[in-house]
């Protein structure tokens, strides 16, 4: 690991430059209009360390739609709220299926395989919607607090787009409800889920907000306990086996860090006891992961020997 | 981590004593007669560290059938032999299915999900059978060399039992062959596979043999390079996402170490940069993992804070 | 076949008496309260012939919830309305899966296997809801006209019960909508579907209403063309391969007649060029088919040599 | 139906002429070399009636590889030998899957869905191989007797080709054996299966050999009882729901006759109480059914109003 910050800055800069050609290998998410119109040339990367350094290059302060990266934060909130009883309603096994598959959910009688596939994130949304008087506000407050920025907001354009293209997520939620594993009304669950997906944040905010996962549960800036030490290990374990959709095994194999990606083009990777990397570039590969984001984090992990394995 | 060896010895001793009641929660593997008749009361655990210490308690020097733990060694041999071309014939994704499922293999056109489910281990066996003049001898030689013990041998009783109960593995192999992903004749592949599964070793030998995976690829006793540093990370990554059958996610979640189990009741867990734990007790849970072995390693990992996450 | 009506009456009477013990082998549908409270002792059977005879015994004039038998009528309406273009949105293959399975629908990208599994019936409901200004009224009018009885009505109690237990059907509909294969809003589709399922009719009405399928498409009482000759063959073909849920093959094998059952306990069976049998008894077997209904129709078919094969 | 034979001859002649263009829409089976080299221009059709007429046009006396059509004869032999106990080892439900799928076999624990998918035909082959001292000779004798032609033989070229491309069938058989549903050794089962598939017969022979299925079980030429009346209905029921691979529903829908096809390009269709049609033309559609054969039988069935529904 690099402790010398100017060196890291230079390395990130070089890595970013070397990615200019990779953009064309991916395709910006098109399932909702609000995401499809993003400029595919944007890219940025930021490293936040637990000892307080922030190094960023490119568009690392440009907000983007966090999408599935929100699943990490929702999971932490639900674990805090429910304790171990949460795991009676959801598993922590990798899925071996597409992130939005309904087949496994049927086989396993409405119990999602893990909290970071869509079915699992909907279940977590149900937990939040059922246990908070206003789960959307609670979520936003949590995000603002972690990022220390009250301007973090929901992109209403993305939110409306999600709502009107949410039929598959509705199918997943109704199937779980038919098995008795959703408590709230389905529209309310979807509403929460699309809200948290529609939050806009930038690389720096995401990297800093997740420092507690690299620091045994406590935020190194404030020493606040965001989750228990055990739960920080658990979240990282889930991200390691399942955080990169159906490319999670390959990511563990070739990078070796707990990570979560979103179809907005962002990827966060946790380096335990060191810090958090957040890379962003909208064009996605066939698995839904940012092409440049994967490449940036992989190169950095190799050069700095970051693999946890 | 404990560097003080007498303390570790005492801790292992206490942990072993506390397991006496857990045995009855599991069931010795019954699919072949040769395994079914083992004494379920046997149990042992051994920790080997990269700085040369060996601490063992209970029956840690009693040989047992290594079964699927052999998949780790076969994988290393095949990676060394084939280089990255190996990964054109096999994936490195977790499976989300039972270890011997044929469904996913059909879906994915004969490409096994990873090298530690049965289909993947059969493919690895095909690689070895096709690339060594005598793959069985080569495998045994590798194991004897790693364990530094020329008495390591194949339990012919187990081997014959495997052969006569190998219909499902035959089905997996013929299905892969129908997709053109098996080169050798299927009986030869099965022959190799059942041979490597039938090797007998004890906890101490297994723990010492795998030290290279905790030591960036090199055997700390001899400084021999067993595999590249990168490949040691890769193997540990695969074991972390997929090494404990369909309980791999839960093992990562609750223990947080790369590990591999076998239906003989053994479990090996790698602690990067520290050492290897091998626990053994024949009774298995529903996933095919040793009940006591899981419990021992989990307790030890918690008390020593070993989670890599 | 029996042309002598008193003989048929006596035979039906004997068959009904012989069924008294079979009731206990089944279980009344319990998924909605409105069906669960039916008297399980009720049973009736009616044969209507194309030459104008009606023979019934037992509770053959007692109305019951027609449930999935409504799928036959919905299919005929949709075929009439859409012509062959209907078959671009739905297949006519047997499914080999439970009637409400979502797995096959995912595999086949939202194209239901046939019109008499739930997914298919929902698609048909979408066709009707999208092509009629009031599809519920159109359906009821069609049923009243066929049964020549303006008192046929929707059981509001059943309808409300269906609505509040319709999560799985909602999941199927939203999944199809996510594939672009549902045009109307999902709540509207479900609304139509639950309405047609909640109609109450008796054995005599159902047998008479379906005479056109035994008579090459025309109603023998009025000579009205209800559907084309070709479509009457097609509907009977679909009922023969798929009408009895996942017991359709066994029904063809052991009875040999096009048939459709409903979880209200009714079964209709078409005897081409002869007439229609409708049997009713609420207790169902594991496949969702009336135990007594199956037994009655099977015995009658054997004694009268009715198999079309 | 046409009773006037010259008229039927002329109709068949016209139908055959009209097919010349359809050939190019299909593709000769290529999975084994012995089938791939057939002349795709060959085509013939023959109708045999229970009252003794034979009408054929084109290459209706040219022998071809009967392939899966042999499943009908094997089924009849096994039903005769085992009685109803046969149905404890195999179901009679349509499959909703490709003819050689292994997925459903795994789900249903080694019980094939029906006797005319590959898994089912292998099970039938096991029944024959286990219950006859020489099942291959018994099968050939049965075929020669039905066709009244001692020259009917096994095409050794096809047989050898099948043997060396039989990996998927081996996978199916070993999977069933792993569930305890295969009694003989798998190579013996495959040997029987490939033997019966490799028999050569022509359209006329096949049509005449199956007349008993159109005649309630008895051969109209000899009055020999080939199977019981009930079993003739049962076999026709299975062919109606499952005889045309994953196009069985469409065939019932558009033709309406019990039928069985083979990848050699032959199709037999039973017209109960009338006779048997056998059409042959090697090019196959995506489902493995002869393009011209389907078209010929469909046209004939429409013009003669043959649908049983």
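Descriptive notes on the structure:
Here the chain labels run A, B, C and D in written order, and each chain numbers its own residues starting at 1.
Here is the rule we use: a contact is a pair of C-beta atoms (placed from the backbone, for glycine too) under 8 Å apart; a residue touches a chain by one contact, two chains touch by 3 or more.
Predicted, not measured: the structure shown is a model, and the values here were computed from it.
Path length between subunit A and subunit D in the chain contact graph, taken as the least number of steps between touching chains: 2. Distance from subunit A peaks, on a Cα-centroid basis, for D. Relative orientation of subunit A with respect to subunit C corresponds to a rotation of 180°, obtained by superposing CA atoms and rounded to a multiple of 5. Looking at which positions face the partner, subunit C and subunit D present mostly the same ones, since more than half of the interface numbers are shared. For the pair subunit A and subunit C, the distance between mean C-alpha positions equals 48 Å. A straight line joining the Cα centres of subunit A and subunit B is 32 Å long. A separation of 55 Å divides the Cα centre of subunit B from that of subunit C.
Residues of subunit D found to touch two or more other chains are absent.
Pairs of chains meeting the touch criterion: A-B, A-C, B-D, C-D. Of all residues in subunit B, only 101-103, 106-107, 167-168, 170-175, 177-178, 186 touch subunit D in the complex they form. Those residues of subunit B that touch subunit A in the shared complex are 91-97, 104, 113-114, 232-234, 236-238, 240-242, 246-250, 252-254, 256, 258, 272, 307-309.
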